[in-house]
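Shared between the two complexes below is chain A, which has chain B as its partner in the first and chain C in the second.
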Partner chain A sequence: MATPTYDLLESVTLETAASSVTFSSIDGSYGDLVIVADWGFDGEGDLDIRLNSDTSNHSFVTMANTTSGRASATGENGNYIPASYHASADSGTYPSAIINFLDYSATDKNKSVLVRSGNLASGIEAMSGTYASTSAVTTIMLFSSPNMIIGSTFNLYGIAKESA
Partner chain B sequence: MSFMLLGILNSQASGGGGASAYDLLETTTLTSTASSVTFSGLGSYSDYAHLQIRAVVRSNRSSVSDNLDIQINSDTDNNYAYHSIRGTGGSVVGEPAEAQNKIRTESPMPASSDPANTFSARIIDILDFSSSSKNTTTTSLQGSYPRGIGVTSGGWNNTDAVTLLTLIAQSGSFVSGCRFSLFGIKA
Partner chain C sequence: MAMTLLETIEVGSGGATALEFTDIPQEGLHLCILLSARSSMAQDDNGLGVEINGSSANSNAARLLGYNTTVTGNVGGVANGISQIAADNSNAGLFSSTVMVFSSYASNRQKRYSSESAIPTSTIATYRPLTYIYNGVWNQTAAITALKFTSGDGFMEHTTASIYIIS
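== the complex of A and B ==
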């Protein structure tokens, strides 16, 4: 039997400039989470993801086509998975990203993250990330330097994996 | 796909009151190893325009990686083509393939020699799957650390409606715990 899903869990629109947005106490009953982010910076920068406030155990592989050409990079056991990396945004540009967290509440798997992001000024990219922990993800922090500007939006959705 | 999904999201966020446009249809979570996973009877989902598979996978192959391939309607002949772009961590590579017997979703999934408990996430879209006037097209986004990140466009050179999808571990088997969820997306 079909189960309607893709439920909006939380929506954040910045009313003041901020260097981070945190979704906490996340409902563990879904299979996957998706964050749709549309933000701006007050200078040149990137947006990063940190799970469960852990400052290690985040690894990633990137792929991009930017104004500087194609690029791919890795990071291992760091404090973030990038939502943007090669296609850094400057003030006046408005990046967007769709960030997928699959089996985020499973306790028998490290966590898998898939990102597509880009901005008109500098390029398009995709990232795969692994959070090397079998703990359920209960907190997701998106953070940046410099600040994200007023009007930046972050929507968190839940996708079911079991029929209702 | 992003615009299509964003359209769905916007519709839900605005509380438009319409019927759901994105439904979970089936989930298979493996309790033992399996060399393939099949979704059959897809003709009963013809009121949806598109299908999406969200999968979390790992292989038991005695190596560092394995591939995940797709076959449609049990067709094992060379009626498929695919084109991938893939980031390896050191470079970006493209891999076209025509006259194939499967659609390969590059990049590979982790296998036995990769870190324990590490899986690959895959989001696979099958567009206009019940059309009888178009060859079937797929797109997918997949990756894991350290195997890489990839995007694949696939084609099945047949205008038959898709009634059966088989996901295959190329060299090994999917391990217990792998999860495959099938969703329907309405137009």
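== the complex of A and C ==
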């Protein structure tokens, strides 16, 4: 039986500049999560992802095509997975990102994360990350330096994996 | 846009040789497959192949790989390869995440597909993933009614694959 899915779980639009947005107490009944983010900065900056408020266990690989050329970078066992890295946003530009968290509530596997992001001013990039934990993901924090500007939006969707 | 779940495959104890979706309804615009997988093959990571309508022929792709601090890739020569997935030499519990889209799957045109994967490994570097992007073509005009995903030595327990219609 086909089952409609892709439910909006939470939507955040910044009414004041802020350095982070947190989705907490995430419903664990979905199969996968997607975040669609559209934000701006008070200057040049990056946006990062931290799961379950854990300050370690995050690793990543990035690849990008930017106005400075192609680039890649890695990080291991740190406190974030980038949602934007090389394609840093300048003041006045609005980057966007789509972030996938598959099997986020599974307790028998580590979590991997897929990110596509970019903006017209500085480039595009694809990244993947690992959260080396078998704990269910219940909290996702998106954080930046400098602050994200008023009007930045973040939507969290749950994708059903089981038929209703 | 609506995204409708058709089926989820959860691989149980003993693993599975393939992941197969058949009798795919034709009323959608595109197909999306979300795959959390681990190959049974004893290596760091392993190829993921696709058989469309029961055939591994007539497919090819270009791919882009982010690996350590290198971005590389190739155009063609990958036959029916559609991605890479985590495999059995990596630490227990490491599964890759793959998002695949088959666009205009019910049309009478040649079919295009794409995939993006995060492939964590523990032998290249602890938990640091590979990033793969594939963009492929199946040069047949028949509507896609069946998709079968294969990997050398099959898939391990806890692998999950869900197929959705986008309309």
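Throughout what follows, the second predicted complex is superposed on the first by the 164 of 164 C-alpha atoms of A that agree within 3 Å, B and C clash if a C-alpha of one lies under 4 Å from a C-alpha of the other, contacts with A are read in each partner's own complex, and residues count from 1 in each chain.
Assume a residue touches a chain if its C-beta (ideal position, glycine included) is under 8 Å from a C-beta of that chain, and two chains touch if they have at least 3 such contacts.
None of these values were measured; they are calculated from a predicted model.
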*Room on chain A for both chain B and chain C (clash or fit)*: clash
*Check the residue A:R70 against both partner chains and state whether it touches chain B (first), chain C (second), both, or neither.*
both
*asked:* With both complexes overlaid on chain A, does A:A132 touch chain B (first), chain C (second), both or neither?
replied: both
*Between chain B (first) and chain C (second), which, if any, makes contact with A:F60: first, second, both or neither?*
both
*Classify the contacts of A:Y6 with the two partner chains as first (chain B alone), second (chain C alone), both, or neither.*
both
*asked:* Just checking: does A:N155 make contact with chain B only, chain C only, both, or neither of them? Give me first, second, both or neither.
replied: first
*Tell me which partner A:V36 touches in the superposition: chain B (first), chain C (second), both or neither.*
first
*Residues of chain A contacting chain B in one complex and chain C in the other*: 2-6, 31-32, 59-64, 70-74, 76, 100, 102-103, 106, 108-110, 112-114, 116, 126-130, 132, 134, 159-163
*Using the touch rule from the top, collect the residues of chain A that touch chain B in their complex.*
2-8, 11, 31-32, 36, 59-65, 70-74, 76, 98, 100, 102-103, 106, 108-110, 112-114, 116, 126-130, 132, 134, 155, 157, 159-163
*Residues of chain B that touch chain A when the two form their complex*: 2, 5-6, 8-9, 12-13, 19-20, 22-25, 27, 54, 56, 85-92, 115, 117-121, 123, 141-151, 177, 179, 181, 183-184
_Under the stated contact criterion, what part of chain C meets chain A in this complex?_
2-6, 8, 25, 34-36, 38, 64-71, 91, 93-99, 116-120, 125-131, 133, 158, 160, 162, 164-165
*Quick one: in the complex, what on chain A touches chain C?*
2-6, 31-32, 57, 59-64, 70-77, 100-103, 106, 108-110, 112-114, 116, 126-130, 132, 134, 159-163
